[in-house]
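Chain nomenclature is as follows: A, B, C, D, E and F, assigned in order of appearance, with residue numbering initiated at 1 for each chain independently.
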Amino acid sequence: MTSAFLFVFSRPPHSSLHVLEMLDMTLTAAAFDQNVSLLLIDDGVYSLRVGQKPESRECRDVSAIFDSLEIYDIDSVYVEQESLAGRGLRSGDLGLAVDILPRSDVGALMRRQTVIVNV
Amino acid sequence: MRGGMVFQRVKQLKFALQVNSAPYSSQGSETAYRFAKAAMQLGHEVDRVFFYFDGVYNALGYSAPPEDEKNVVGLWTTLAAQKKIDLVVCVSAVQRRGWAHNESDNDSLQGLVAKGFRISGLGQWVDAAIKADRTLTFGGDS
Amino acid sequence: MLHLVNFPFSEAEAAKRILSRMAPKDVLLFIENGVCAVERGAPAACEIDSFAEVVEIYALLPDLKTRGIGAASLLQCVQIIDYPGFVTLAVENGPVQSWFR
Amino acid sequence: MTSAFLFVFSRPPHSSLHVLEMLDMTLTAAAFDQNVSLLLIDDGVYSLRVGQKPESRECRDVSAIFDSLEIYDIDSVYVEQESLAGRGLRSGDLGLAVDILPRSDVGALMRRQTVIVNV
Amino acid sequence: MLHLVNFPFSEAEAAKRILSRMAPKDVLLFIENGVCAVERGAPAACEIDSFAEVVEIYALLPDLKTRGIGAASLLQCVQIIDYPGFVTLAVENGPVQSWFR
Amino acid sequence: MRGGMVFQRVKQLKFALQVNSAPYSSQGSETAYRFAKAAMQLGHEVDRVFFYFDGVYNALGYSAPPEDEKNVVGLWTTLAAQKKIDLVVCVSAVQRRGWAHNESDNDSLQGLVAKGFRISGLGQWVDAAIKADRTLTFGGDS
């Protein structure tokens, strides 16, 4: 069976295991050959920012895991336009090719899913 | 005729639940428990509850709080004894939080968790979510 | 689909940000501390009221009781349900999305 | 030695042990004969609301503990005016006699303390 | 006195609510995820900038580095300090109050 | 003259710290650790760190996370071995979270906590806060 999984990243990285453990769920769902998408909103958009130096606080570099999403056949990484713009960031500041989505389309994206995870 | 009732109960769904917050810093675990109980009473199935993120603290090394305090974990243990429900605590989340990394096999980690829970991997969550009609996530900060 | 909100909005802007992500005919259920959001006079009461034309709005009874919030003090657009009602909303409105603070 | 302790209640009650454990700290400081004040701001003002029925979720009734503050010689319970008004509440909705304080005076209150606890 | 803020403001209103509780000549240090708040373009950047006339504003260097935030992208009113600087701020500005989300 | 240095170091303060969040859902414990280390390096005293609320999870039943993961608790244990610093875990917060309520004496509860920490009551926090020039609170959600 194939279901549509959407993983919603809404928290900033680095202060907790939230992002790392969300990525673990994401990759596990992908390993089960499910249709997997990611949506980054609010402070979750900081996860994809270039130039992060996690080694300066001895924690895991999550950007390497984001980079590996392609290999796992992840369908799409969506970033909410308003969340990005509202933080002074542009798609060029992100270390990954993403689909920019206006806030007004988020509802429709969610309706297409079977499973939505936020934390 | 009794057969007629089957048609009235067509919408019997399968639920998968996830608990992502520690038992006493959020109401998430308790809400999930009450949702599970209500769903089963209405004839739905709740196959599995997966404990992840700080939700693993719901099962770790637990005995019981003093008698005048509420006991969220005891509710789960009791439910697991009464109903067919699979309470799974994520092994990697447990290990990341520093619990017994030397004992790599799940059998020995099993000794760390409260009665009614079992230790297993994220695959168990994906499996439950695929088979379920609805997956609900509980937790968050208060 | 069903949206769960478990925290009270501290600002109107926070409510707008989350409510704007819901689609017409979605269902919104306030649970846990979230039930404080649907009182008249709450920080984002007006925003919630104005979204009631787009989404159906519910609040969970046991969580209202615990917090001393009577039906009379709720926004008119809010319907009160119990846990069986919560389950039924989830049955009839998939998928389910939780929003956290 | 006597220090001025201010306990800042900013979270809603009932979903966590935050309020109960803050009150434990408060009463312990009072038992050490310190100058103890409480300040309720943001969702913390809900803690004092009359009509709460915690027994409906089998958790401890914190309002009984708030009621006992007098016995412990707690100096003052301050409630921020804007936090109260912004939630449609008036002092009559609270189960305790409190000092209502405008937001613009919070800074001065804090400056008078030695120890400030928020959680 | 010294105020610590460990989360980024998601809305201008949230910033106003907390900043209004500071007194003139107080010191404000952003730590942990809070350092995201003092970037140009952050949701409450304007509010923080306007409060810089009232309070001194700092951000903690190791937390900036971890998050990939360079000095060039910070609001002009923000001074960068390291942990010894954090300690010195606490020494010179008692009491210390932490603000959480 | 060496005596002159005393006057330059007049502002040597005593700190009390409090950690109120679980080790892997917030950066609070790590920030407190780094603050404590920096303060001691500057010649200040950090007499006591008090672990309260979900901060008690920093010390409970801990072994160590896998080697490629960060180990916040290990930092505290190491610090306690190197410096004179009192790491106190609140007994009532531990018991409310369901840990070993049957063993009412602190000595037996002591077996539950990681090396370098000790179990005691809120009085230890008040005592430290009274004696300290500055009390700082770390935690919160991320």
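What we mean here is this: a residue touches a chain if its C-beta (ideal position, glycine included) is under 8 Å from a C-beta of that chain, and two chains touch if they have at least 3 such contacts.
Keep in mind it's a predicted model, so treat the numbers as computed, not measured.
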Touching both chain A and chain C (chains): B, E
State the smallest step count from chain D to chain F, taking one step as a move to a touching chain. 1
Taking all residue numbers at the chain B/chain F interface, are over half used by both copies (same) or under half (different)? same
Using only Cα atoms to place each chain's centre, name the chain farthest from chain E. B
If you tally contacting C-beta pairs, which pair wins, B-D or A-B? A-B
Between chain D and chain C, distance of the C-alpha-averaged centres to the nearest whole Å: 27
Mean-CA-position distance for chain E and chain C (Å): 33
Contacts with two or more other chains occur in chain B at residues 24-27, 53, 69, 96, 135, 137, 139-142
Chain C: which residues touch two or more other chains? 6, 10, 17, 32-33, 62, 94-96, 98, 100-101
Where chain D touches two or more other chains at once, by residue number: 12, 14-15, 17-18, 42, 57, 59, 114-116, 118-119
Touching pairs of chains, all of them, please. A-B, A-C, A-E, A-F, B-C, B-D, B-F, C-D, C-E, D-E, D-F, E-F
In the complex of these two chains, what residues of chain D are touching chain F? 1-3, 5, 17-18, 21, 24-25, 28-29, 31-32, 34, 114-119
In the complex with chain D, residue positions of chain B that touch it: 24-27, 30, 68-70, 142
State the interface residues of chain C toward chain D in the complex, per the touch definition above. 6, 8, 10, 32-33, 36, 39-43, 45, 62-63, 65-68, 70, 73
Can you check the complex and tell me which residues of chain A touch chain E? 12-15, 42-43, 46, 49-54, 56-57, 59, 86-89
Touching residues (chain side chain B, partner chain C) in the complex: 11, 13, 15, 26-28, 31, 34-35, 37-39, 41-42, 44, 133-142
